[in-house]
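The structure that follows is given in the form of structure tokens.
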């Protein structure tokens, strides 16, 4: 299987396609034995699940095509394989969650544990407590289907989380010392870069350890995959804040509701929340620069909209307008007047203040502005049904891949299909 | 009826009781005719509603009693009377909403309009646009059952609102000029004091105009009545913020979630939200002073709680700790360092900063603090079922009272019963 | 204290009042020692809770009064007493839940456990598994604050429940054998009658065991208390079904939405849900008889309403129209045609069928009728914030009473105040 | 454009691909003029939306591919074109909704109206009242952005709906007589087949009328498209019923909760709701036959599960087990015993009864079974955020296609991209 697979990396003629292939144990640890997939004999799945993914199944990255366009990059399709590279009783898996909260973390944790147990009979799973540094600074948490049974109904992460704390050597030492051979790492781009380094170190040491990433970014700012888990829930939950802003604005004369939503480098949550609501008059995102004063500026637009409609709602992604903010900060620094700098860093507070200043300065009109920052109320909710399904498939795909001997990949949805994406592509 | 009623103001012997009586037209406009209540002949109510409140029905203010305690203050029970002082076709009512948003405003508006129409056949109701100043600076809004049919499903106020704008003379002129004879005023304590002044001016001018207040304070800080409308909804909605704070705190090491809730002079929302949640470790309210450092101080408690439990949630009413905050501000003033004053005015941001400072200053422990201010998201939701029922009864009681010739009262729930409370008592 | 209390049962002259008094240990077990309330020295309550209820505090059953009305029945006010009749370390409490589900059951359980532990230092609490029969047929469940910490966020009952299974002798034997001295019984009227019999048997045996009832009826059909726990939540949740019925009706020509709500002998849920929604055209309740055909009948009203408005919503309490249904059943029996009897027992299905028959029979108009029975979806939700607060106070009141040596009472809200109501009154 | 397009229908060699092409006006009405897309000059879109779909953009139906698999069927990508075939002022569009309710109907209606108006300056849009028969039996409803502004926040369909009523000749007459040239038809498979017939008749008459289908099936049972609108919301809402069933089951001894969900011929809602919940023990769907008694049968599984876990939840799609039900009905017929037949038609009631019978018959164990049918409560909710976004893009895609001169297609999501699918393929 592996030898065939690795051939796929070569471009196949004019109408052929390129496969971005995921690393496989047998690529660097030759002569590994294989075992029949225990799913085959699982009576619970006896009727419906006698189904394995074909080794050559791939999913194209690009689906908008012309009749003569080259086929381009494809990813390996995720799913159970006929042969696996781990005996169930040999597996010792661990799960770690890093970075900020995101709806669905607990569902992913639950489904890795339950997937390993119910599908592959693996019952040796531990949780790393409080992010990367938990590998070496804390005790681990025993994870069983019973322990994680209800955690998907709660927000947050059952395992705790933290930022940073990445010490590759200590982490891989801990993996080796504890006899762990499957590492599931759930986190954002920094975390996944860390996972990649861990994977390289493991490969260097020649360990038979699968390193699997599950990309977590509530901002949905990963180019390859369709959407990140928790995104749907975040957009749903953002509606409450937008509704509130709309009600506040509508009930006042020249009422303006400003809602700041997540999105450091991308405006996906802001845009989707705006599309879903239809009550938003203006959506500011990092991808689309804007300016405040003058012809075509934000203030002009607000003034026009208030005159037309009497009230308005503005949604702003946290990363929008950072250039304007940085410029003002630089000026403030030069003027040796440090006051208020802290405030300026929050773009929502900043823009609210600028709007208020503008309308009071010019004595233009009396406005009533209400600013809402629902960030923590969005991050901390349990995942909705759609994200629960997504997290479940993501986790199960991750498990299937590790069991089949793949490593150094993230699990991700590409054009509606679960795939394995090599670390070097995914971030 | 009136003469009997006014006798009730006199104390009736040792075991007797005092009636805090509401003003009645016939008290200052003698020889008014009365009419049979049109409810009597309303076929829709023919079976179930052939019921009128007895003229002597009262409700005691105090219900925890001893066997020999004096009976104390009683309020007139609200409800339909056999005789009314307005002919349906003569009524021209207006409704105004003032001050901040509160869940249930639209239900109260709807039920005054529908109550007047369906119960008394009154079809001449107008809305004042945008608070008190709408009486003289704007056109009115025609209100019919059809227009208001669905407004109770939305937050905010259909009529718009504003603060201030009270010019008694202009308002009463407008009432007189527009031929209005029932004025329903929905608003907080400032608004109700305004209503009292309007009532006095109307009485002075000898106008047959009923002035009715419906007390609105999401804070629930009115001593006489059981609870203000919107309070239940606010406590319910506050759970989201507390849950989010709890999840954020629980997922971090030494995580602290801080939630600021409404309550300028009273901690009712904070206390009830705390009681309802059971996830709150510490609830700070205006009624109960506290201090930050030292033995028995807040910081000590936080430290202890983090050591015991690893995380905690603090709920703070916006009016709590204002003494500490004022003191710090005063010091800052003296030190001629005005920066940050703005920040200090928000007790939630202030206390969050103080807690962070404390733990970083003493290098005590690394904490993760998340601050949530859900105020506008709470104010702007539609009222829940319980508040809808309450607002409905409140509005209908208000209407029954005005039709029966009472004036200068607010409609309010006292010990589970709808009553009429004279302006001088209610605020 | 007891001797004074029992005197209170006597009517005090013309202006005096009758006390419906709760039984007290010292009434039938004389010479019991008392202990200072441990709350007194609880540091967590050191500032705010140095408050005890006065022994003579009572709450009148009747609050709508006239100036010369006799004072009538009063109930003892609930709350902590200065002196208690149990030493904390001697208490062994048990909790049992019986009958159908109701939102708030878990909150009551949680708060009895936490109240006993945090307020009185009682740490010996057990749960009876699966209703009355669990006393003698099953093992008990150990209840600690940690075990019950999160149960209030779930619907249902943590202890399990069942109907019937009442064997007084076996139950009291079990109480005696297990050394239980506080019994908290949560259940409906049948359950409370059972509690009363258990209390009598315990009294007969001269055991120092407090028997406390917490009335549970989602129907809110207990005359003495203001409302039963879970009622608010039920009314809130019923809104979903009514909204759905309204949407279905509105989207069809001559659309009729029928919603059946709980209420065997009373229409409280149906009425309050109707009041809260404002989308209901017709509410049928047991208290108000109706007939189907002819002048003033239901069909006539439906026809009229459809002609006016194009669609309508009917809410029917499960106990409404049982006379009509019984009559039809009787006829069906006589006609020896038993088919369909089963169907007829559900008043919602029955009335839906009758309405359809009527409109098709007479070829009157083509209607579209949708029937919704949300009963189990309402019963099983977790309690809302308002019910959480209520359940908390109810449970804490129950605990205070038992600790103070009262027995044979239910804990209940009367005119907005927590009271103790003797078994003989409460049902 | 058209001539090139139609060439695409031809297979392009070995590595080529087949395009399932949508009909275009210029295919059957030659020499039509084209106009520049007004979006080009729309200032609101001046920065962000200067983007048109390339005429040759396609999306493959199959995305799981092997390196040498033929390219297969592709669909035309939806989106704005540089050239349009309608002058804005000439457009007269109509919208009709048919069949059962589905979350998102109002969003689709709103966005067709707003899309035509804001993107193309089309202000002549009418709604057909109450399904197909509204074309010839009722007045139309004027649709403007203002009229539809808030309808997406409500469930149901603003236009009303009905089943059947399809009279092709009368409908096309009405289209012709009223001067309608864009027809948007929202409905299920029967409705879409009707749309196809209407399209053929319009083509036969040589009318320049675009006929556009928007597939509506809450069951998600259309093979070509990724998912139907409203599906996400339905799965979300189904969680409430499953949660309730779980709570009821868990609180009783041998408790069984049975939930019936939509799905006549497919089990998508049942399966996704099951995946999302993780509380379901058994999910019965039409695609997977089962039997009741004997080894490997349902009853055996239930018995085993109750013994293991004490309670269980069963989700059943309405179309599951219809073979068993039909068989029993046939037997019942033969036995001349017609009673109960009605009951049998509802698979949820039927299976609940069979389970009860089984356990009581064999005196196996006392079970408590609760049956929940949330169908109408699911259908009637407003669409969630995710469906709102989807409906918006679906409606805008439909509008872009009609404006560009396409006809006889449905708008649909294929592998994550909006496409146009010819009528003959879509159903």
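Labels A, B, C and D are assigned to the chains in the order they are written; within every chain, residues are numbered from 1.
Heads up, the rule we're going with is that a contact is a pair of C-beta atoms (placed from the backbone, for glycine too) under 8 Å apart; a residue touches a chain by one contact, two chains touch by 3 or more.
Computed from a predicted model, the values in this text were never measured in an experiment.
**Student:** Going only through chains that touch each other, how many steps at minimum separate chain B from chain D?
**Tutor:** 2
**Student:** Which of these, B-C, A-B or C-D, makes the same contacts as A-D in over half of the contact pairs?
**Tutor:** Checked against A-D: the matching pair is B-C.
**Student:** Could you please state the distance in Å, as a whole number, between where the Cα atoms of chain A are centred and where those of chain C are centred?
**Tutor:** 46
**Student:** Just how far, in Å, is the C-alpha centre of chain C from the one of chain B?
**Tutor:** Averaging C-alpha atoms per chain gives centres 29 Å apart.
**Student:** Nearest whole angstrom, what separates the Cα centre of chain A from the Cα centre of chain B?
**Tutor:** 44
**Student:** Which residues, counting only chain D, touch chain A once they are in their complex?
**Tutor:** Contacts found on chain D: 8, 12, 14-17, 19, 47-48, 54, 56-60, 63-68, 74, 77, 110, 149, 152, 226, 232, 235-236, 238-239, 272-273, 275-278, 288, 384-386, 388-389, 392-393, 415-417.
**Student:** Across the complex, what residues on chain C touch chain D?
**Tutor:** 101, 130, 154-157, 160-162, 240-241, 243-245, 247-248, 250-253, 257, 338-340, 342-343, 370-374, 376-377, 379-381
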